[in-house]
């Protein structure tokens, strides 16, 4: 169902980068869930460009909730979030209308929408739409925390520089959630930022890897075929612009292991089944096993760069070159992490509601 | 919707390893599509265990189609495929019923199904269920070929041994589709088999990486949010038991690139837009750009091994050890490739039918 | 999703009248639900043609369950039911292949399936497919009874003869469920049968109205928009061949009432909210209110009659006449009632599982 | 999926009567569809209360489209429509918060939302939400007209007074679409209005029957099981507050016919298959046959009346009486007709896009 995702809890996204509003409808959340506006605003701030490693487009993301909430509690009916687009300079993009930016969706949008697409600032493909996903996900993430379920994402790698491994998950999740630039080791973070600034100064961009940890999810959630936890999470994650890969637990590294190493030995700890390693990332047969859910995504470097690139004009069908102007991020990996948290939160609310009923999230 | 996947073309899977039948319903395919039984049988044979690198369980997978087909043409109504389970020795598994096999779904099945699950041979979680997916996918794959769309998967890596890169895609797809052990370089294939046999002789197992190429898909297919081509393909791929990661185009390697390298330059070739590299794997903004769709999955080593492993009995909630008996694959990566082809074919038929209408597949 | 219906509990139907099997997959039912084969067989018997008021095609409907059940308990995974087609005389239908039977789906099938449809005995459009729906629904209906939810349908009207009103619902549901020809007043039933036999002797057919009552459904189930209880029930009921209308509570009669009469006064009875009339059929704003759910469907007379009718040959595009031969029901209203029960049971299991979680049905 | 309906074209509804905005997202419409604001405004005006037969609440429904449209053409991405709530007097409803209005959703909302629902003016259950459905449906209805598909609804019956039958459908559709009070015979319309005014003067309300005709739909659209045209239309129609029944073609009257009368004889007219009667309402086996689609809905009398009624306070669980104050419609049947048109248009766009691809609507 295209721009709507989920079964019991579903999110619908809408809007274009330079339209009046972007927004989201989050439907199916239990009634009585508290809305913490400071919490939502904080997640939106974390997604927003900041400082010299991000585009100077500085919007406040002053969202408003226009349905589904009274007295700061969900009513149980669809929650609609609107975020106005301010600070729009559509002139910056006029040149790009039929000259495709390589590795952007300009040409595929043309193929699908036959010239009717809104090409200003990426239109409906703009990363800006993720602000609405973050606002919707923030409500879900907060609700999950009230049930003892915590989500955190760090920049595992950026511009070739790697953060330390997750260690004490509960503490590490708190740590990264409190940071603007979400790394476990701030010295590493500084090196990442330096690498971003360096690429930026060369008119280039960098990518990275985001790692998410989720703790507190009850065991027994997910389906063996199709609506596995991995299937549902991956489905939504590939909507985050720039994600080109996802892996759970040991991920691609597991391909080189032997079974005797890869298998997670099982033990009993305080009357609860645990595994002593977590190469399966908390999921067996598509279903949660009570261990932390761990996954990583590959974020490609921002495609808009200030170097000349070979491209085509899809209207005249001629070859040409393009060189970006205006305001563009040299990296988005540090901003995307909060989108990843939010998308995870939405999927979890959906899967938990399917499993335990719509009142469980209350 | 749990065991059903797809919008315009949807597949429903059912069955347990030791039940009477496993099977699939594939619904929404256009009327008039030819059913090539030899083609289906061949794909089933490729999935089947073979020789000394696979379990000796040798079933013929004598599927039958009991609805939706007349005179070897689809009618347009649901096609039901039944595959009887023969050669069942359920005694082999009696010990395992409450002792969880590490990294299998035994414990998560217990959490979800509260002791009512069919634990014989993995039950509904068994890799055997993929035979039904292959039969359904074979119909789709054959139909796609009539429309000029070809899918091929090779064992990119197994037990740490890597195949050569895809090169001439059209020829390479033909090559791998004709092979039982799908590698581009047969010398490499021999080394992989040796590594599998070695691991097997040690009572251990190995994993690998599968790489799929799809050519001929028209541009403009897919959705920007949620039902992106990547989202849909990844959703179904994580249903293949043992898949722990998926990446498109350059995948995780793109995280280390700069934009100027990662971006795919665009050119015009014979009046058609192409890119000179394909780091995005044929997909921009979730939508096909006409270039080959390329993706890879990480296949974990078969969890059933013949070494003693620490585990738990989830009934008595005590710690114990387990050591596999019976017949088990030391690797499934070479068998899973045809499952990956089939799942891809189903998703493509669905997305093409959504885009161009149900008669397009005819 | 075409031949699949439901969200948390979903049913997929497949098969053709003269194919090898018809069947259903019912997915999402909780684990541990008892399968009562006598109960299923009984519902199938009630659907089956019987005596001189039905077609002499006498199949035993010897269904088998080939997945999702062990030791007569659901496993929680998809339950697949197969019913073999026996006693097939496809010769009877050879003439009809391109001459459309008026008010049948012959011509619309041609429009949709372009000549590839299975036209033998109605193919996928045959009322026979409802046997699979009944078997799936029987499992659901039995499960609901274990939770105190009871469903019963009587022939409210047939050939212009009306049964008495529902009175004591609990007793009346028991009464109709125990009968082959489900009327509350057996004298009326005899008159209906006489009218059916009379129409049959004239080569004609008759229709009727089915009324269903459901008691014991908790309040608070259903959605205000779209997935209202009425919306979900009506959606599935129109799949029953011959249904041309559905109404809830007072139904079309409410159109003539004034609000002061139509409104259901509310009272408190034994600490529970009740209404003293039930013109809304147990549903307000799409959501159950704890009162009995009451609805009626209009069943058209069987379209196959033994009188000559004006029709067309859609291959030659010429006008012609048709006169049925072979075995055909002069009425199906008395058989359809168990289909209506079954479809209701499936929808209720789905909506209750969505509301209270998948284990609620256990 | 709760507040979202449709497969290829889907609508999501949100908002509460006294919230900031109500609105709709309509997703999946082809790119390049013209937006005719006058057309949308006109349909909204037809839904709006007017004169002495409607509530004096006179809102202008000044909708705005905030995404998915540029230069008055659809972009192909989700179209979001916002309608601000003005003229809100929430004081009028303060008394009703825990005293349930009989035959309203007050009590069922409490059962589902546990006191968190927005009870002001009916909240999410308010008929006002249908304004958003109308705006979304207006876009679809206009798009269908460009493809030669026309929809019209008349008040078939109101307060026991019946309009004449549809006769020349093409002309009659034009006629009713041009009228504020949609009857074919204006003298009848005056009698209906008199009856409404009379009921209103007594503090009471009336209901009626709406009849919709749709011409120009190609044959071969719809599915045999579940997603039949009847199933899809009925599913959405029961979301219109006050609808308690729906019937297609001859509807409930067909139950009393014999097959020889009910069957629609088939002829060939100008090389096209037609039927000489249309008792099946243009649908056989769930699929369109090219004849006009005809259906009727039963609209209950507005439940809010100015007479004292027995009811309960669901907070104190005591019996009490209620007597409406403020502004309320004595009838909504004449306003609901445009909602019925709009809902029909949405379903048709969805089913046509599923059948012929997303570009067909262009």
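Observations, loosely collected:
Letters A, B, C and D mark the chains in the order given here, with residues in each chain numbered from 1 onward.
As a convention for this text, a contact is a pair of C-beta atoms (placed from the backbone, for glycine too) under 8 Å apart; a residue touches a chain by one contact, two chains touch by 3 or more.
Quick caveat, the model's predicted, so the values are computed rather than measured.
Of the chain pairs listed in C-D, A-B or A-C, the one whose interface repeats that of B-D (more than half of its contact pairs identical by residue number) is A-C.
The chain with its C-alpha centre at the largest distance from the centre of chain B is D.
Taking each chain's centre as the average of its CA atoms, chain A and chain C sit 45 Å apart. Rounded to whole angstrom units, the spacing between the C-alpha centres of chain C and chain D is 27. Mean C-alpha position of chain B lies 38 Å from that of chain C. Shown for chain A are the residues that touch two or more other chains, namely 1-4, 7, 13, 77, 112, 124, 224, 359. Residue ranges on chain C touching chain A, taken from their complex, read 7-8, 77, 224, 354-360.
The residues of chain C lying in touch with chain D in their complex are 1-5, 7, 13, 100, 102-105, 107-109, 111-112, 124-125, 129, 157, 159-160, 199, 204-209, 219-228, 230-232, 234-239, 241, 243-260, 262-268, 271, 273, 275-276, 279-281, 283-290, 298-305, 307, 309-312, 314, 317-319.
If you check the complex, the residues on chain C that touch chain B are 1-4, 6-7, 10, 12-16, 19-23, 25, 27-28, 31-32, 64, 66-68, 70, 73-80, 82, 112-118, 123-124, 359, 362.
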